[in-house]
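Sharing a structure here in structure tokens format.
Should a chain be cited, it is by its letter among A, B, C and D, assigned in written order, with residues numbered from 1 in that chain.
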Amino acid sequence: MKNHLWDLAHIAHVELFTPKLEASTRFFVDVMGMYISAVKGDSVYLRAYDDYEHHTLKLTAHKHAGMKHFAWRAKSPEALQRRVAALQKSGYGMGWNDGDIGHGPAYEYHSPSGHLTEIYFETEKYKSGASDTSALKNTASKFPARGINVRRIDHLNLFAKDVRAFRDFQLENLGGILTETIVDNLEDLNPKAVWFMVNSKSYDLAVTEDYLGMNDRFHHVTYAVNSREEVLIAADICLENGIFIETGPHKHTIQQTFFLYVYEPGGNRIEIANTTARLIVDPDYETVVWTLEERKKGQAWGLATVPSFHTKGTPMPEELD
Amino acid sequence: MKNHLWDLAHIAHVELFTPKLEASTRFFVDVMGMYISAVKGDSVYLRAYDDYEHHTLKLTAHKHAGMKHFAWRAKSPEALQRRVAALQKSGYGMGWNDGDIGHGPAYEYHSPSGHLTEIYFETEKYKSGASDTSALKNTASKFPARGINVRRIDHLNLFAKDVRAFRDFQLENLGGILTETIVDNLEDLNPKAVWFMVNSKSYDLAVTEDYLGMNDRFHHVTYAVNSREEVLIAADICLENGIFIETGPHKHTIQQTFFLYVYEPGGNRIEIANTTARLIVDPDYETVVWTLEERKKGQAWGLATVPSFHTKGTPMPEELD
Amino acid sequence: MKNHLWDLAHIAHVELFTPKLEASTRFFVDVMGMYISAVKGDSVYLRAYDDYEHHTLKLTAHKHAGMKHFAWRAKSPEALQRRVAALQKSGYGMGWNDGDIGHGPAYEYHSPSGHLTEIYFETEKYKSGASDTSALKNTASKFPARGINVRRIDHLNLFAKDVRAFRDFQLENLGGILTETIVDNLEDLNPKAVWFMVNSKSYDLAVTEDYLGMNDRFHHVTYAVNSREEVLIAADICLENGIFIETGPHKHTIQQTFFLYVYEPGGNRIEIANTTARLIVDPDYETVVWTLEERKKGQAWGLATVPSFHTKGTPMPEELD
Amino acid sequence: MKNHLWDLAHIAHVELFTPKLEASTRFFVDVMGMYISAVKGDSVYLRAYDDYEHHTLKLTAHKHAGMKHFAWRAKSPEALQRRVAALQKSGYGMGWNDGDIGHGPAYEYHSPSGHLTEIYFETEKYKSGASDTSALKNTASKFPARGINVRRIDHLNLFAKDVRAFRDFQLENLGGILTETIVDNLEDLNPKAVWFMVNSKSYDLAVTEDYLGMNDRFHHVTYAVNSREEVLIAADICLENGIFIETGPHKHTIQQTFFLYVYEPGGNRIEIANTTARLIVDPDYETVVWTLEERKKGQAWGLATVPSFHTKGTPMPEELD
């Protein structure tokens, strides 16, 4: 029995680079059904209708796709202080920034995979107005009835060169539980992919080995809808609107997520998903270990994983010069 | 900003009294699709296919329906010790028992409403065997493909004479967050119903004012299915099998639960529900306050709440002599 | 064994009166997700995305709500001639009109309940353009991804003073099968409501006894969505947009339709429904007979039928002077 | 405008050969959720809970898998006589048999593809008893709440050496509409696959070119469930019970069927499907024509068609010696 740290509340937001800011914005508003919270400089801030913070997605114009940074919200001011102390001690800490629209000061660090990450507690809860207040007081804003109607940010998936280093860094300094992992085999237990849970949702962050041996690449960010039926409808909406569907809808063996992967116009992979009623409330949940051999069976119902799912990340090396 | 206690992991199990042990057991096995874990004396222990513990329901023969006790699992041995210390100090603590089939020693207390409750950490994770192992290693046992196929215990609802006393006791000694509440009006703020969250699921326990002014009565226990479609199918299954449907399927305004309430043959109210993608990961979520006036609108889509929902609890006074 | 007539193809369109043409149009476009096909004089023509004809709904400005006329499409030119001959002989026939935007000459009649009806064969199949062509060649136009996204017209429900007279007229002159009926009791077999099937969908037209003893009143028109989940989502969309929900979502005992009834801004009742996989392909299907006594059980899962469902029709008598 | 024949009511039943009669029977009862209607000699008769006839599936022990015969029900005695006259004239007619358990005399023919087919009108409507009567009078028998709970037979798919010959034979002698077709290209219009509609369901029979140039082979029979969600659940049930999933769940481009293909223990391909709200009520529906080039896009959301779907039929040539 190991004592787990529970100082992170949830994945908070992701800042994505896009070479097509306008087209990407239209995708998230018209196809995904999200709302624009703010526009500032070369960035557009967006949220899903039931995201409670100011934004969960920040799109920033750039010459190529990818992720600029992502953020965790801490569970309390004290929890934040504890994590900052650990990060400072870890050697990965960078220092405090002044915050951004929608949240207060954040402590920055680069994870072993080179991803810029921040952690904060002070936040601006979204206050809906005359036009977007929901009829239900327990919903952050009005159901948009437009496009896919994603409800909230769900999780983030990154590529890393050294998954083991990321895993150990994360569990030691940020806490949570490793709910599932892929290892090369049961002798070496060398991790190929890891899934971290910080609350009761079975994962908020996944990290997968970068096929190209690169660091700092982005795999996908996921928004949740209320049902698998809506994931199916999302596939039709993408089909009707010329959005490239990479794979799905289908059910992941790992984590059981019902997934649909598409590419937004800027080139980043976006997942629309539903996790049905799965939650992990067991506080000493034992990590589910999958071997590469077991993964050859494909996804839950036998769908072969498409090759691009393993190789495509943003940015692609040819975009970096 | 108040600091919340997060020492409870989740609602663990409920022991229900039934005057018709055999018929109640058949209902939970054949109609609900649950598995029998053990039979001992006048009790039958059951679990849903993805409940990770030995059981989440214990049926015990008795002259009338009702709840004998319910249990919380603590988040760690230390968390358990902290809660026991608080309970002892509160005056509501009773002492340790030796545990039961499936879990270790538990500390018992009577809440202000008179409900016998226990809290423990040591548990027996369910180990499936040759006939009930799931094809997916991240599922506790095989999908039964029988009846309603409930997945896991979701929450518990009790009646209490003094809801305010229960609320204050719970938050002070057990922790968690009050996510939603009904009050008489915005001047008096006298609580009529309260919903407690201890993890990221928007509630594990609800307590409602007992219309008859009684204590120690049971309102319902809820099992979750994976989708709203399965709640609709559950209604057909109950209809086809002569199970009384009290109300639903419909969507609760409060907590947005998609509900179906039925009476098991022993007389206890059982809910089959799906919460779609709703989670509360905001660590300082502000309680949503509803007034009795607002509640007159009925459920989310306007369904009038059936009178029995307010008056029927188990046991009924005429059964007590 | 009776030989049935199969000369009608399907319910074709409905012309509704509305005292609020603009608001009604916005409802059908923004909330229902329909497309405007044409605007002419005081009328707006609309269709759902998979309706294959030019329109299935014509909204016409008028001082009160109600139905101006509805139309059947015949199965062939010969079938049309046969029905016209029968109608002429019946004494209810009126004569040919020149057609309307979207369809050719139609033969008009007043049914015994006084409803103006027309029957035609020549029609204009909808041709989508650059902006609304579906990615799937077997879909009439692009999935709108707006509001409720209704797919096609499903059926029509009228009020009649003398249901028996309507039933006999319909079966004798128009054909089809009476799939279900409500009668007062099994001795008198006096019909209170009747459901007519003309293809394999279990009904295209329903007629219910007018509680006020009036003729020529409209009860509702129904548009189909692809799943029950979308009916549930439709309820949320109506809730969020201030559309009055009369009753539902729930499952009808009769015909098993999963229903949601709302009032459009002009006052007419509109149903959004899904019939799951139910079809009647049995060519000598025996009418299912329900008594008023049986109907007291309410809808399939026990929901009491709301009183307004029996009394409210358009126009209401107070609107007629 | 061509005049269509509408003398067929629907696909009635399929007789499948199986080398594993007991295992196949268990699959259809336990996994598919069907009921056994009768057992006679080496044959087991089964129906889905809402099939209105005595059976829709007859399993017959044989050394290899495949189809022995299938049946159409005619729309009336007169319709049957008309079709028999046409079949006799066509040269493909064989003569009358005495019927089977559940239906009266049937006229037999071999289609150009060599498949034994029969057509009849007299049938035995299923009468449920004390244990399997549905609570809803408009359902043929009780919802089983076991396994996949298929509702009714939906359609049949055969392999044929000469698809054009089958198509012309079918439309001329049996009637209906060709709703969709795959052709090699738009110049030659040589049919590779054809879909026939005989009622308002977009197809009851599909015929695909046999990749091996054989005749008299079976591709699959399909049973319908009420929703796409149930197709997803069916996939889990097959996974949990060791039933091989060939492909799906996914949406067909052609006909938009939401499909899951599995192999029953005897080796025959079985589809579980939901067609959402799609119906074709247009009596002069224009055939949707797809080219092989267009089919290279895969299924609706881009899933590549698995090779076995084109090559595997029952029996396989190696089984015939």
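Just a few scattered comments:
Heads up, the rule we're going with is that a residue touches a chain if its C-beta (ideal position, glycine included) is under 8 Å from a C-beta of that chain, and two chains touch if they have at least 3 such contacts.
Keep in mind the model is a prediction, meaning the values are calculated, not measured.
In terms of the stated touch criterion, the partners common to chain B and chain D are A, C, listed by label.
Comparing the residue numbers each copy contributes, chain C and chain D share more than half of them at their mutual interface. Here the CA centre of chain A is 46 Å from the CA centre of chain C.
Between chain A and chain B, the centres computed from C-alpha atoms are 32 Å apart. Each chain gets one centre point, the mean of its Cα atoms, and the points for chain A and chain D are 44 Å apart.
Shown for chain B are the residues in touch with two or more other chains, namely 136, 227-229, 236, 239, 300. By the touch rule above, chain B contacts chain D in their complex via residues 31, 134-136, 142-143, 145-148, 227, 229-230, 233, 236-237, 239-242.
Only residues 1, 3-4, 6, 9-10, 50, 52, 73-78, 125, 136-139, 151-152, 180, 199-201, 224-229, 253-256, 274-279, 281-286, 288, 290, 300 of chain D touch chain C when the two sit together in their complex. Of all residues in chain B, only 227-229, 232, 235-236, 238-239, 245, 247-251, 258, 260, 300-303 touch chain C in the complex they form.
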